[in-house]
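Next, two complexes with chain A in common: one pairs it with chain B, the other with chain C.
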Partner chain A sequence: MTAREDPVVSVQSLKTYYHDDSIVGAKPPVRAVDGVDLDIREGETVGLVGESGSGKTTLGRTIIGLADATDGVVEADGQDVTEFDAEQARDWQRRVGMVFQDPEESLNDRMTIGEIVQEPLKAHDWPVLTVAVEGDATVRGSGVRPAEPDETVDLTVGLDGDVTVRDELPLSADAVTAAVDRSGDAPTVDVTVEKSRAEIRRDRAFDLLDRVGLSEQHFYRYPHQFSGGQRQRIGIARALALEPEFVVLDEPVSALDVSVQARIINLLEDLQDEMGLTYLFIAHDLSIVRHIADRVAVMYLGNVVELGPTESVYADPHHPYTVSLLSAIPGSGSPWTGERITLRGSPPNPRDPPAGCPFATRCPAKIRPDDYDLPERTWRALDELRVVFRTRARAEASAAETIKRLIGLDVAGQDLRETVSDLLADHDLPPAAQSTVDAAVELAAGGDDDAAAEQLREAFGSRCDREHPEPYDGGEDRTSQCLRQEAEYDGVAETIRARQEDEP
Partner chain B sequence: MSDEPLLSVRDLEVVFHTERERIHAVDGVTFEIREGQTVGLVGESGSGKSVTARSILGLVDEPGRIEGGEILYRGEDLTEDNWADHRGDIAIVFQDPTNSLNPVYTIGNQIEEALRIHQDLRGRAATDRAIELLEDVGIPDAPRRVDEYPHQLSGGMAQRAVIAMALACDPDLLVCDEPTTALDVTIQAQILDLLAELQAEQDLAILFITHDMGVIEDATDWVNVIYAGEVVERAPTEALFDHPAHPYTRALLESIPGRTDPDERLPTIEGEVPTPTGPATDCRFAPRCPEAFEDCRSVAPEHVSLDGDRSAACLLHDPARSDGGERQ
Partner chain C sequence: MAGAHGPSSDAADDEVTPETASTILPTESPTLVWVGLGAGLLAFEVGALATFLVAILSDTLAAASLPGVGFVEGIEAAARQLPTLLSRETVPNEGYWNGQRWVGTFLGLRPEVAWGIRVALVYLYALAVAGWAVLGYRLYRREYRAADWTPRDDVIDRFRNHGWGLFGLAVVFMFVVMAVFAPALGPTTVDKNMRNSYDNELTYWDAETDSVETILVGEANLASQSRGDGEERVGPMEYDDFGRFHPFGTLPTGRDLFTFIAVGSRISLVIGLLSVGLSVGVATSLALIGAYYKGRVDLGMVLVSDGVMAMPQLLLLIMLTTVLKDTWVAGLYSGAFLLALIFAFTGWTYMWRSLRGPALQVSERQWIDAAKSFGQRPRTIMRQHMLPYITGYLLIYGSMTLGGAIIAIAGLSFLGLGVSPPTPEWGRAVNLGQEYVDTGSWHISLIPGLLITLVVTGFNALGDGIRDAIDPRSDAAGSDADDGAAAGRGGGA
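Right, the complex of A and B next:
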């Protein structure tokens, strides 16, 4: 599968934020997609990986118009998808498809398989057959219209009245008659189709079921009569009904057993070859992405932190998050040869992402300031301490705490001091560092967790805490958003390995 | 480590009675766990692995019934209604932490409840122990988190809290039923590390139930492959991955995407896992087995011992039936 260079979709500085509708302005929005650039090229499969909450599903949904962009551009054929009016959006919906993770939830159990697969066809009044006539001619007839330039042509009519039907359609040329009238200035062609739309739709559904490895006998059954793998085939048939060019596959095999997974992946690859499809394949399973994707985009906290050809990224990841993800693949499926990197904690809240690099709170290769010469584990303890303060600052205080705070009582100061001394036990801090920590703890004990976190950031933070890295060009069609791409720093893998060696 | 296994499941039969048929969800499963050992039970959905897990805890619900075999805990048969005596000795962690936590009580309340029942701890002592347990499972700022409700925890943190709850009864055996399946890979890695640590510190035995061969490879010493209610292969983990002896194990390993060149099609296993509705009269894998021969359709294979303290229930390894002897 070699991808051609033209992007089918070009995502530029895209942001999708969610607001809580319930109480206006109650909380800052969730920054699900927070400034993404991504070209998806014709005929390729881009794997989009990341953990839950990374924004990968929202990115897929925004591209196909199922979620509203807050800012930025999704360009297709020179037009911005995010600015489409209702009619343009409908056209766009025809050209894209989506397959969902859970075939159980995404199929309506009260509809037969036939109805499910025909649903998009009906919603789009399919088919209205496009007709191209040799030379200049007017086209008339019901259920047909003249083909626009560059559009797929369903019926080709010769001036002798000969009709050819596009192979994909469940319609034989015998069922179409074209009467050519040359009496006027330009010829007029009257097209009559002797097969009802409903019949064409039904036959199209049969074709689709066949394509995905099901058969006509499944047409009249209901989703609950099928296994998970078969249901996913139905979901795929539905997504392909309108012959989209571009399909977003959102964790299409995650809910399936491995042996069933393998069959669905093979099917998706076959369909791509046969129909020239372009895929955005969203997954958290990195082994599957390695198998299916030409290029991989790694998402973290609303950002695509690394992008490049799959094999090259897996062989030599540039971003510390990619390294961590690859090392976390259990068993021998991991391309990382070193010890597994266990990330601390969980990703920050997307309502309140870190000011600098989104990965700075967990990064195993984080750049350290020159002011202190501390072992990496002490740096981490200090980072963790800051996370504790930040989490406390963001947590909704209980009623009792709020009252205590209002009347100026120490808020769980005892517990806090214990937590801090536990965290920093067996770390030798130089006196200057120790007094900074002490001062921060006092601030937090007094209720000002924000100021405490800020104080630690000032004293122990680095560029990683202040700058949001731009995508660096890594050559070979690769980019990554990490300051360590700059020449003055040691490489990512090298740094991680060195730090692992220093630690017990 | 004593010679007697901590847990020994022998010929376990669990049958589900429906109006039309009797489904033999677990059909003669036999395996052992020794103290401090991590044993895997790996299989696809419908293999009977989760029912096996629930049986060990006495949690099989109607219409399911344990109809045969023994579950010996330190030699005592739990199936003779002895579960109550060993409630605290065996604990279970399920796939979805939110199902194991009660949304209306704080994490602390729930752990303290377990401590009250199993350790007779109350009040401040219970709270202190709960905080300790949360710290043991790597929850930062535990003194504060103990007062939080389940919805305030991320998936990974909630699973840690569930593990803390399981540890509250100071068990000797922890049964983990797909404990990391609902979690992201980096969080999964944390939980696997945590379990390995706890095991080393507390000499826990762990039964790991999963469909994920990668997790099995990382986390277990010993593995049982289960198919349609039967254990078809048992082996030390490394040996199983190096030389799978049963055709089903081989097929399962091959269908993992990471093991195939990305340019090649993934090898697949055609057909579906059968639902056993009667005693086995053939090899249940025969309809899908690429190596099946005539006898496979008329003889139910018994386990054949192989080199290296392992066994497989496949006629290929039965010298009397197969021409090739041990094919690998």
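Right, the complex of A and C next:
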């Protein structure tokens, strides 16, 4: 597949935050998508990979117009999709499609397959046939309109009354008559279509079912009567009904049996070739997108941390997160030969992402400050301690704790000290470091967990904790958001390997 | 709601439906036969139907004081001339004994037999119409519907095997038939026996003088009162001194209780349907809109409904009926229309509460997102993708609320509020008879009381049946831990 340079959709600094609807006690918003740049070029497939909660589905939904962007731009044809009003959004949604993850859930089971596939057509009063006339002429007739420049032309009418119908339409030229009237200044063409819209829609639905590997006999059945794979085919037929240019595939195979997955992927690839579609293929792991994606974007906590041509990314991952994902796929062909990298901890709360690099809390290659020379495991223990303080700071304080804090009593100091000594039990801290830790614990015991966390960050944090990395240009059409791209630092893979060797 | 109706169930359908249908209609063009049957059935009641439609028209014109009332009344008179086979005129039960035989009754039969025949004919006719409708549905399912299985088929099949639900359906059917055919069912008419009893005469056999005499109906009523024991009462299935047959006995005023009840069922049904229809309409639209837009819209509705719920319903009723007493609204159908409006105004909140949960649940389903993703309009999404999933709940709560409305109307009349006398209403019959419950005239309170209980139970049973048919998982609900949930969902009334 050749990817041309025209972006069909250009996502620029996009942010989508979810706010709680409640009026009282509003929590900070969930930053599902937190500053994403991504161009999707005509005819290509972009694989969007990330664990659940990384914001990949939200990104897809924002592009389609199912979620409201908080900030940033989704540009298509020079227009900003996020600024569209309801009618413009409808127009946009006519030109894009979406296939959903769970075919059990995405089809209304009170409707027949025929109704489901025809629904998008009905919603847009399809077809209003676009007519192009050779030479200058006025077009009249019901269910037709003159084609705009650059628009797909459904009917081409010659001034001798000859009609050609676009191949994709289930309409034969015999069913269309064009009467040319030359009496006025400019000729007028009266177009009559003898086939009703309902019939054209029905035949279009038959055609779609055929394309996705189902048949006419399925038209009057209900979703209950189909298997998961067949239902997903129906979902695909529906998404393609309006001949979209761009389709978001939201984990289209992850709910299906492994045996069916490959067939659906092949179907999607065939359809792309036939119809010249552009795909955004969302998946939760890297193994599936390898076959279908031309480029892959790896998402973590609302950020696209790495982006590049699939083969190049697999062969030489630049971002530590990508390295860890690839290390989990045996035989992925990645240069990573060591043990599988297990990430420590769990992803941070998207309501309260880290201030610096989003991956800093779990990064196996995190940059360490030069002030102390500690073993990696001690650094991690210190990181974890900071997470403890931050979590405490965010947790709702009970009324009793609030009162204690107000009158200056020890807030759960006993538990805290135990946790801290457990964490740092078999680590040797230099005296300076030890006293910083002690001071922080005292602050936290006094109730000021924020200050405690801040103090640890000051003392033991690095650039990774302070700076949100911008996408670095990695050459070959690649970018990655990691400070280790800067020349002064060791490479990601070698750092991880060296640290793995350090640990027994 | 979205139970797993397996594809296997359509196999069973395929076997049953065509077979039964073809034994019923063994012709080449079953549809024609079906239409013919329908026309035949209609012919029996052309007159009544025409009178009814024209009467509605003239009432509307009169209420709106539009011109043309006279003209329409002309048509009304003409419509009355059309023959109606099941009318009191065709099978009369009112007549007199002339010493040797009954005069004026159907085929000279005794009044009770003539009346019994008419009642039986009416119910047979109604059954025939119902059977005809079922036949039509089967025909459609077999011949015209393109899909050979739909999720609704499973619901209907499950309902068919639900004894309690079928009992409810039967009771509701009897009740509705009584309401629809009320004028033909009573042994006499409201007009003759109650409203204008002193304008109508009655011929009877006077045993003392051994001769045929005439008397004003009103005076005959005075001599047929049920106010105690023995001579002072006309009990169920008895004749009074004037040769009139009273299937349910007489009221303390001497009027016929059966006629009173038959006509009273009409007003109960009309108020019930009207108020439930209105509140279902309001509740459904609000539930769908609130569930679709969520957030503040939904919150606003919660506030409004809480506000309405906080108003004391009974006080509101008393207040509004008093305030609006002399307006035209209160005049419509003896105040029944106003009652229905008030019931609807206070009742939609409960219905909306019950529907809100299911509606919110459906609104989270992914097919809603799918519909949004290709730009489907909100209204279509609500109608096509959400409404079908709450219609089940609508039927359940609607049916149960209807039972509740009937009991509420009866309760109001019992208290002397609500439908204004002399329009018959069941609750007023209970009220009129309460002094005599411990005497031989026990029937006055007991019969309408039992009927109210039966009808309300019937509506609730129907609701239960529909619920179990829609949601097969609730089958087990009667016995185990799901009980609370099931009861909670059933508490719509």
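Rule of thumb we're sticking to: the second predicted complex is superposed on the first by the 479 of 504 C-alpha atoms of A that agree within 3 Å, B and C clash if a C-alpha of one lies under 4 Å from a C-alpha of the other, contacts with A are read in each partner's own complex, and residues count from 1 in each chain.
One rule holds in what follows: contacts are C-beta pairs under 8 Å (C-beta built on N, C-alpha and C of every residue); 3 or more make two chains touch, one makes a residue touch a chain.
What you are looking at is a predicted structure, and each value in this text was computed from that prediction instead of being measured.
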{"item": "Which of chain B and chain C A:180 touches, first, second, both or neither", "value": "neither"}
{"item": "Contact breadth on chain A, by residue count: chain C or chain B", "value": "B"}
{"item": "Contacts of A:451 with chain B and chain C, given as first, second, both or neither", "value": "neither"}
{"item": "First, second, both or neither for A:384, with chain B first and chain C second", "value": "first"}
{"item": "Contacts of A:159 with chain B and chain C, given as first, second, both or neither", "value": "neither"}
{"item": "Which of chain B and chain C A:284 touches, first, second, both or neither", "value": "first"}
{"item": "First, second, both or neither for A:275, with chain B first and chain C second", "value": "neither"}
{"item": "First, second, both or neither for A:329, with chain B first and chain C second", "value": "first"}
{"item": "Touched partner set for A:66, first chain B, second chain C, both or neither", "value": "second"}
{"item": "Set intersection of chain A contacts, chain C complex versus chain B complex", "value": "none"}
{"item": "Contact set on chain A toward chain B in their complex", "value": "51-52, 227-228, 257-263, 265-266, 269, 284-288, 290-292, 310-311, 324-325, 327-333, 340-343, 345-346, 384, 387-388, 391-392, 395, 398, 412, 415-416, 418-419, 422-423"}
{"item": "Chain A contact footprint on chain B (complex, rising order)", "value": "44-45, 135, 140-144, 147, 152, 154-157, 184-190, 192-193, 211-219, 241, 251-252, 255-260, 262, 265-270, 272"}
{"item": "For the chain C and chain A complex, residues of the former touching the latter", "value": "2, 4-7, 10, 146-151, 294-296, 299, 365-367, 369-377, 380, 384-385, 388-389"}
{"item": "Chain A to chain C touching residues, read off their complex", "value": "21, 23, 61, 64, 66, 89-94, 96-98, 100-102, 105-112, 119-120, 123-124, 219-222, 224-225, 235, 238-239, 241-242"}
